[in-house]
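Across the two complexes that follow, chain A remains constant while its partner is chain B and subsequently chain C.
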Partner chain A sequence: MVDAMDYLLEVKDLRTAFKLSSGWFPAITDISFVLKPDETLAFVGESGCGKSVTAYTLMGLLPQHGSRIESGSAIFKEDDLLTMSEEQLRKIRGNNMTMIFQEPMTSLNPVFTVGSQIAEAAYYHMDISKAEAKNHALELMDLVKIPAATNRYDDYPHHLSGGMRQRIMIAMALACEPDLVFADEPTTALDVTIQAQMLYLLGELKQKKQMSMIFITHDLGVVAHVADRIAVMYAGNIVETAPVAELFKNPCHPYTQALLKSIPRLDGKAESLVPIKGMVPSIDTMPEGCRFFDRCRNKAQCRPDKLPQLLPLDGIPDHFVRCLLVS
Partner chain B sequence: MMNANDNSLIQVHNLTKHFHIRRGFPKSTTYTVKAVDDVSFEIYPQEAFGLAGESGCGKSTVGQCLCRLIEPSSGRIRLKGIDILDLDKSKLNAIRKWMQIIFQDPYSSLNPRRTIGQTLVEPMKVHKLYTNDQVQDVAVDLLRSVGLPESAMDKYPHEFSGGQRQRVGIARALLFSPELIIADEAVSALDVSIQMQILQLLQELKGKHALSYLFISHDLAVVRYFCQRVAIMYLGKFVELGSVSQIFDAPRHPYTVTLRDASPIPDPAIKQTFAEMKGEVPSPILPPDGCHFHPRCPKAKAICSRIYPPWVDLGEGHGVACHLYT
Partner chain C sequence: MKKIDHFRYLAGETLLVFNRNKTSWVGLVLLVIILLVAVLAPVIAPYNPVEQNIIQRLQPPSSQFWLGTDYYGRDVLSRIVWGSRISFVIGVASVGIAMFFGTILGALAGYKGGMFDSFLMGLSDVMMSIPTLLMGLLIVAILGPSQLNLTIALALTMIPRFARIARAPTITAKNQVYVQACRSMGFSDIRILVVHIFPNILGELIVMASMWMATAVRMEAGLSFIGLGVKPPIATLGGMIREGFKDILTAPWASVYPGLAILLIVFAANLLGDGLRDALDPKLRNER
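For the complex of A and B:
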């Protein structure tokens, strides 16, 4: 085990539950991972697998009612994000730790100009004057390649296209030189050529700014090109985590294998595609044992009642799998 | 443009749809949006024809014009030799049986207050295709053929998952044994594991019922997997048309190349640079003069900003609208 100080973020045994009419049900359980400085970790999974809940839990953005963190710790630098007071958290959030949301139109304030929204973050966190904050915002708009930034500063969000709005979101997230950026499906709502622009921009910014990123997406094509490490999630668990090249070359969990076999490729390779039978279990009917059991192609050799742990793979560093049949 | 072949199922000639919109206050101006502009193609029996492009390129409008959910401004559409734009309403209704549409969002396209059974049975009664005793059995058979149990008949749309709802949408489209199915982003809202289930179901039904598809999608990888031929659209125009291997392995139009290179391939071993692409899709209200793509085109010449390129036949069914080949 490496010394804990080598990690920017260390999450252990995180469990977040939501209240339904019939009681409390965990949306994510047993989420443990580490994030190194300058690393991009991608959470991949289908809708409802808990990838966004994980990010919202760590950012302290869960709804106040109807949700609770049931266990776990999340050491960011030296402090536990989960036990921090709201006031402490506010100092970190938007400053050391920021988030890029999926839909910039609903996350930007429609009645303030985009420039002032970027400047606000800098003004509150960086101890600078309003004029300095404005200059800083203009620099950031240049950085995210908004053409003629000075003219765009006083535009309202609805004046801008989807791609430009997403650039504003990125500029806001970078305003205070954060150590960690959460990106929650930042390219999903965009057209493919605009998505490519964003991926290019994010890659460039990561090199310039030296930041860690937690990238949440359902698109395996996108992760293959942005991530250093991937955590595959299924029904509230991390089922496999490995460096990106290793995961694509040597997927070990039956779900990861099935997922990779079920996506068509534009370069025409891997044409024999196999769909994954069945559906994800819903939050109130989670099986006690392995959550993928019902859909797993190896279920004949496995047992339904035993819960697998996320364990390291023999001989391969940094590759963890949650499967009873893989050691 | 493209020669109409006699054995095609549907022929579309110079299809055009202009929308008129008013902008501005207090003094408003009327603009013409050329949502679909002079588009021609044909679909052969048991062929899946793809229509791909970015949002706002007009691909859905083409689909809706085909079954006259939107009235085209001009052009000709011949389905099995019948010119469907000439038909009055009653004759059109008879022909619509041959042509059905599957929508992107199966939740908003199913009536939430009706059980699946009611949704499936009513059109059969309207078209008087079966006796009242038969309709239930026909509906149950259909549900089975799309992989849903008989119990689904008495359930409401909200009781199903997205994938199951899309199966209901497919069952509804199959009610009258159509020959052409217009699938408008039919798998785009689904998760990857479910997406492949539905694609394979559509594939299987294609063989079983001798179906043709107009498959509208923004996802090039899905189009490549599912279709035999594909047309790429940009601001209401076809920029390139050909077989999937012609279009994706040897694209000729700079826009097709851009689109292909921008689609991330799920394989880290393939290094994609996402070479920085200029600009964004311009507004369809005032598209650029000449070739609509020229402001973003890496290979634009002087002529491109003045004259819209003619359609160039490259042989073997491959065509492109680009001055590089004139």
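For the complex of A and C:
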């Protein structure tokens, strides 16, 4: 390639607010990250921490009323996703970036056959005939390992199981060979064995198709399988980001540490789980300083009024932490 | 292009299922018969529907007058045959017009939301707060009484109702993940509305349309009665009920039979509507 891009996506200082009855409140603030080509970045955090909002903001899929992007830039290839026209963004969606949704039961249109829905995505964006689109859809159905794709082509969504529908959803997302796929908890609604198959499939497809992925999940176990890098989110902020191995080996933010302690381990040692006490602050009562302060086990040594920044760790340039006590 | 293919495909599937559904066939056959009767009225009707025959007035049904005669001695059967022509045309046309514009407005309001939605729904609330008959009366009074203006008036009173009916399922569909998925694949708003949402709300619209047919026929009767629609002595089903009503105890045939005719039209429309709704819903289609 002539112009070797360093980053596929470069997000800086993103801030999205939602309207409540008492005014506008930011759901995510100061979100900055980069994504290299072919890289998988996982956003991890509990419900409501802003991981999906981040993805929806970048995709331009926020509700038209009651939400607004207050600041930031998101350079995708060469253009800013946040300032381009709706028309431009629409062309990028589907062609260059797509999304896999959490709910396989409702993410397909009930009145069309699954095959035609995959073919439609291809026909709409690529310059091909309908017959070619159908062949393309059948190939994709093979690719996502749907058995007897030709027989399934004319099935309606309600004929298929959740796992099969999620495969169809993935096939739709891949129809136009996107560079970037947002996967919004694609395995959460599936049972554990199907989850494992799906993660395996996604990893394999990523290899074959050479695409970047932003993987959103609350399951750290899932992350270890698929991601190259992890960004841990808490209350609308990224609190720590590092390559997967580094993060699991050397978690620095107290929230990450607590998160790792609160998941059960299967490798023998039967330690009791340590829950994180307290609640996430709601978006209209966000503290001015560190947002994790109230729940932090180190709060005796810390101060509540100062807002920590996301800074690189000494000696490990790829590892960023947002904590006053870590240097 | 693709849009049309989708509909052709959908139409093929629908016809297939429709074929299997017996009750919807009954509805369709009934409607075709009614349509034929309406079209062939001059041939079928045994007597002139407006010719008065005072000597033969209020005759009970007999071999000479199959359904009896009314207060002025006119043949009830002939008047029903001619009246169904006008009532049927007005009912179908006004509901059709109302469904077309109401659906467009309602679906747009539901999909766009915000100020546009609030304005349109506020307007339709204002229109619906006026009783339908009064509203129809007002519009006919402005446009002047004629069969066409009556149809337009009926359509206008029903447009806000269809807008409401189209809006609610559009909002439901809009918040479904599959619409988000469509947006994530970069489909345009119009494509999402026409290709993806419309087939999902069509079932509800068709059922409502078949029900509003009854109201349209009834309202036509009301407006005709006060002289703002089709003027007597021209026969309409609603007008016949009103005229025959004063003799209902002594000569029930003059008002009961036209009532049965309205019932038949509405019944046929409902059967057809139900059948179409089932045929359009893939979940109710028989397994292959």
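Keep this in mind: the second predicted complex is superposed on the first by the 319 of 327 C-alpha atoms of A that agree within 3 Å, B and C clash if a C-alpha of one lies under 4 Å from a C-alpha of the other, contacts with A are read in each partner's own complex, and residues count from 1 in each chain.
Just so we're on the same page, a residue touches a chain if its C-beta (ideal position, glycine included) is under 8 Å from a C-beta of that chain, and two chains touch if they have at least 3 such contacts.
As the structure is a computational prediction, the values presented were derived from the model and not from experiment.
In the model built by aligning both structures on chain A, chain B fits alongside chain C without clashing. In the superposition on chain A, A:L14 makes contact with neither chain B nor chain C.
In the superposition on chain A, A:A224 makes contact with chain B only, not with chain C. Touch criterion met: A:A258 reaches chain B, while chain C stays clear of it. Judged by the touch definition given at the top, the superposed model places A:Q195 against chain B, while chain C stays out of reach. Of the two partner chains placed around the shared chain by superposition, chain B is the only one that A:F248 touches, whereas chain C remains out of contact. Shared-chain residue A:L138: touches no atom of chain B or chain C. In the superposed pair of complexes, A:P275 makes contact with chain B only, with no contact to chain C.
The superposed model places chain B and chain C at 80 degrees from each other around the C-alpha centre of chain A, with the value given to the nearest 10.
Closest CA pair between chain B and chain C after superposition: 8 Å apart.
Chain contact summary for the complex, chain C toward chain A: residues 2, 5-6, 9-10, 112-114, 176-178, 180-188, 191, 196, 199-200, 280-283, 285, 288. On the side of chain A, the complex with chain C involves touching residues 59, 61, 64-65, 90-95, 98-99, 101-103, 106-112, 116, 120-121, 123-125, 130, 154, 156, 158, 169, 172-173, 175-176, 182.
Interface residues of chain B facing chain A in the complex, by the touch rule stated above, are 54-55, 161, 163, 191-197, 199-200, 218, 220-222, 224-226, 245, 248-249, 258-270, 272-277, 280-281. The residues of chain A lying in touch with chain B in their complex are 46-47, 161, 163-164, 191-197, 199-200, 203, 218-225, 244-245, 248-249, 258-260, 262-268, 271, 273-277, 279.
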